[in-house]
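What follows are several structures.
Each of the next two complexes has chain A plus one more chain, namely chain B in the first and chain C in the second.
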Partner chain A sequence: MRLIPSVTLLRSTALLTGLSLLSACEGRQSVLNPAGRDAQDVLGLIWVMFGGAALLWFLLGAIFAYVTRVEPREMPRRWGEALIIGGGVIFPVILLGALLAYSLPMMAPQRAAEEGLKVHITAEQWWWRVAYELPDGRRIVSANELRLPVGRRTGLVLNAHKVIHAFWVPALGGKVDMIPGRETYLSFQPEEPGVYRGQCAEFCGASHALMAFETVVMTPEDYAAWLEAEAADAQKPASAEAYRGAEVFAREGCGACHTVRGTSAAGQVGPDLTHVGSRKSLGAGILQMTQDDLSRFVAHTEAIKPEVAMPSYDHLTLKDLRALAAYLKGLT
Partner chain B sequence: MKRVMQTLVVLAVGGAMVAMLVVGLGLYNVSARAGHLPGVRWLLHTTYQQSVRLRAPAPEKVPEDIAHPDRVALGALHFKTSCAFCHALPGQAQSATAQAMEPPPPHISQAVSDWAPEELFWIVKEGVKMTGMPHWPTPDHEDEIWSVVAYLTTLPDRQSQIALAGEGRDRAGCAQCHGEDGNSRNSYIPRLDLLTPGQIAEALRQYRDGRRTSGIMQEAASLLTDSQIAMVAQKFGSTKAPQEQSAPAPQAPSAGARLAQHGTGDVPACTACHGPARRADAPIAPLLSGQSQAYLETQLKLWRAGHRGGGERANLMRKAAQDLQDADIKALAEWFASLPPS
Partner chain C sequence: MSDIRDEQDAHEFRAEALSLWRITFGPLIWALHFVCSYGATALVCAKAGAEAVPVLRMGIGIGTLLALALIFWFGLQAWRQWDLRRDREWENDAGTGEDRHQFLGHAGFLLAAISFIGVVYVALPALFIGTCA
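Now for the complex of A and B:
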């Protein structure tokens, strides 16, 4: 029995690992799969930087191999100095200088001014407060999901409530820190409709890994219709179960922390729930927007999202929880 | 040298054997009647005094409202219930049984004159070993201990003390603190007429079973049976039919009104659960309009510190209070206390 794995086995394992890492980069949370102008710029920058780095590495490696393996003889002093100064100083300075000159001008477009729409995003622990500021000054409050029109540049005004977070939608653009008490700015120009995942990219506490969101890129017509629906008050409960759920919502004091526009619920601590049922995900990108997941999240909030401000409502009966979930699901 | 060592070993072994005999054969007399051996009383008493002086909190810890008449009244009523058996009330004699204790508990009129308020606080809170003085039943409720101290420091005004505690020797009943009609008319004592019988019964069970702590209420509830609790709850609880509470009359909004009704990014709106403008028929939480102000302040501080026990929804309130500042708590208590009861 051989205890030492063969070189072939090691090689194939390394290859497989490499392939699986690459495949993990495919899809809706990947810089390698850009869906907007800014992400394309970032990807171009990545390839150019990678090419430059590869060039530098291979050339210096070649010089090193030449003097140690190919011609390991004593060489005239002038030749040696030319190799060391030329290959070790002048060439890297020129190459790195060129890369710097290429990349610096790319910063400004990533923060280009918006065309009409501005979105204010405040990072909370561990969710996203979102407010759409229309050109006429109106503000539409939402949470845990970002919707953008395709082909138009939208400004993102970033802030944080208590600790530092970072905003990152790899498929749409760069990554920017969100700092309490200080506004940072970024803008996106998406080019392909679709759903792309964003994730907090700066460790921000116990549930940092559970702080994500979906970015939905829509055609301008769909977007206008959606924005109008989002601006409206909440829908009235449509079924007997949902009606019961609305009563549970009021009785349990949910409105102390959450706002449902058009009802007496006007709390500011947690996410706005006016149209929660229309969102693609629940709990800031971690659960499905289904009745099952809704009732599970409300009953076991602190277990699903450690150290979150919302208490678990595990004292509610299953019937109340299901009704509450039906009500929330119906808030489309 | 060797001889010295041998002598010491023999003495040590001999001493240990004598000590074992004294303890094991019961040779030492623990009779309270016989009292202490000469010098021991002085030794113990000096140790006690020095220990209290070393450990008492700084004088700055004495609350500003220590002389508030409501606070003194609460302390007086609890003193009558829990302390007067040993220390007697002003103007009364100590019982023969209390006087037969070793050491004899000092009469109220002599017990406190040697001590500063913060030292009295420490003694009431911690108790004194090898005497009959118990420690306060819970470490979480320092505000109650200060209320007892508030009463003790009214000495030497004996007349007002007698007036406060009443003449009789009986323990104070529910009504003596909370009022015959459930309205305590005391800022430090909660109004029971604003609670439902169910809420009162639940609170009493929590006190009795130790799920909610209070040196005063655990003492009061410790001997209650379930049927007595039901009776008390019916007697003092609100008997009004369920009704829609009216919203507060419009007025210049105070800081407390704003915080209670709208909350902030960190603090939930109190009124979503505690009224006013909330149906009172299936309350998950007590309605607070008109509730006693100092009581509300104390409870909010307990919630914030995580020391307030409670029922199945206690976690909700603990989380709701965790970001409150002292000024917020004061403003909220003021606003709720100023509202007309429903």
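Now for the complex of A and C:
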């Protein structure tokens, strides 16, 4: 008896969270809201496939209904044979063959060569190492965020460290595996400026679900300006608190794992922090880039991201943590 | 008396052994076509340049036509062996030599049909995708 209300409650909460999740997304991470050429192609393919499947399903259903409900009598042998061979063999073979023929030519364009930049993305546990390769071969290192110019095709050279991950920004294009020691390639041509969410789509360990990133699509002018800023060294601390934060950063040895270009910090184990403060999210798409979240992340890393390679700095005083956060937030 | 029957059975069995083999030919050709097409594509795309791709597609095309012709030929033989047109017997479920013979034709025909479709589907990517990308 007591089970019933709780089940109803569970169900309605599940429904409510489902609904609020749906509305919270606003299509930022939805195949149904394409913001680029490649995602439009994928969506078109989805509808055609769905249409073909629906046609097959309804037709077979209609035949079943006909022979069991409408006309359940024995029919002439020829009729029966025509129905089974025609409807059960020839029609599906032709329909599936047509769908296959429609989908196959779409594969190559999703990997078309880039027109401008190439971005190298390496999946780590559980974050993204990112390097922008300029046409002159120079590389600009960043992390946990992808920025793309609108209207131009950018190449994505994918790789992984240790285990398999998968790269997926549903609003911009298809999904591709990231395999240790093996380069895979994908390219995006975004058409609408905006911020779209990407997510690791292949189980890669304890914090797999916490491995996401923001993709920022910008106008070419904004993009050029951003790229120039990203190539520059880190900004100097601009306040007394931030200055103190830089000291804590050096004292605690954060630089053994993190790089902040223009300082002595040159570690390669964790994400590059040179411009961490300009990112749209923190911790690979899971927290906000605010002073509060920054100090929370540094103090309770393991609680926020299970099995993470970064130690939790919960021994630091609140003042040190706030200072660290101010310093990091100022690295724009 | 029983010796004669045994001998007759043995004789029939020997004659049927070949059609027991024959029902595997359709799927075998399908498997061979699959391995060759995918193996050749992997090799060409990994080791050779883009200029080898048209040759590869041509090769797959010829291999496909050959495979389809062979499967068609085996299918036709099996169809004749099933002998549906003459006796209109869809099922051959009696334990007689004739039914065994026709049943093997039936099975061989269906396997040839599915192998034919399989080979066509395997070849479609080579027809519609012109690059290694």
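Some notes on this structure:
Heads up, the rule we're going with is that the second predicted complex is superposed on the first by the 306 of 332 C-alpha atoms of A that agree within 3 Å, B and C clash if a C-alpha of one lies under 4 Å from a C-alpha of the other, contacts with A are read in each partner's own complex, and residues count from 1 in each chain.
Simple rule for what comes next: a contact is a pair of C-beta atoms (placed from the backbone, for glycine too) under 8 Å apart; a residue touches a chain by one contact, two chains touch by 3 or more.
This one's a predicted model, so the numbers in the text were calculated from it and none came from an experiment.
By the touch criterion defined above, A:309 reaches chain B but does not reach chain C.
Looking at the shared chain after the overlay, A:104 reaches chain C, while chain B stays out of its contact range. Once the two complexes are overlaid on the shared chain, A:93 sits against chain C while remaining clear of chain B.
After overlaying the two complexes on the shared chain, residue contacts for A:61 are found with neither chain B nor chain C. In the superposed model, A:251 lies in contact with chain B only, and not with chain C.
Which of chain B and chain C touches more residues of chain A: that partner is B.
Comparing which residues of chain A touch chain B with which touch chain C, the overlap is empty. The touching residues of chain A, counted against chain C in their complex, run 89, 93, 96-97, 100-101, 104-105, 107-108, 111-112, 185.
Those residues of chain C lying in contact with chain A across their complex are 113, 117, 120-121, 124-125, 127-131, 133. Of all the residues in chain A, the ones that touch chain B in their complex are 161, 251-257, 265-269, 309-312, 315.
For chain B in complex with chain A, the touching residues are 262-273, 282, 284-285, 312-313, 315-316, 318-320.
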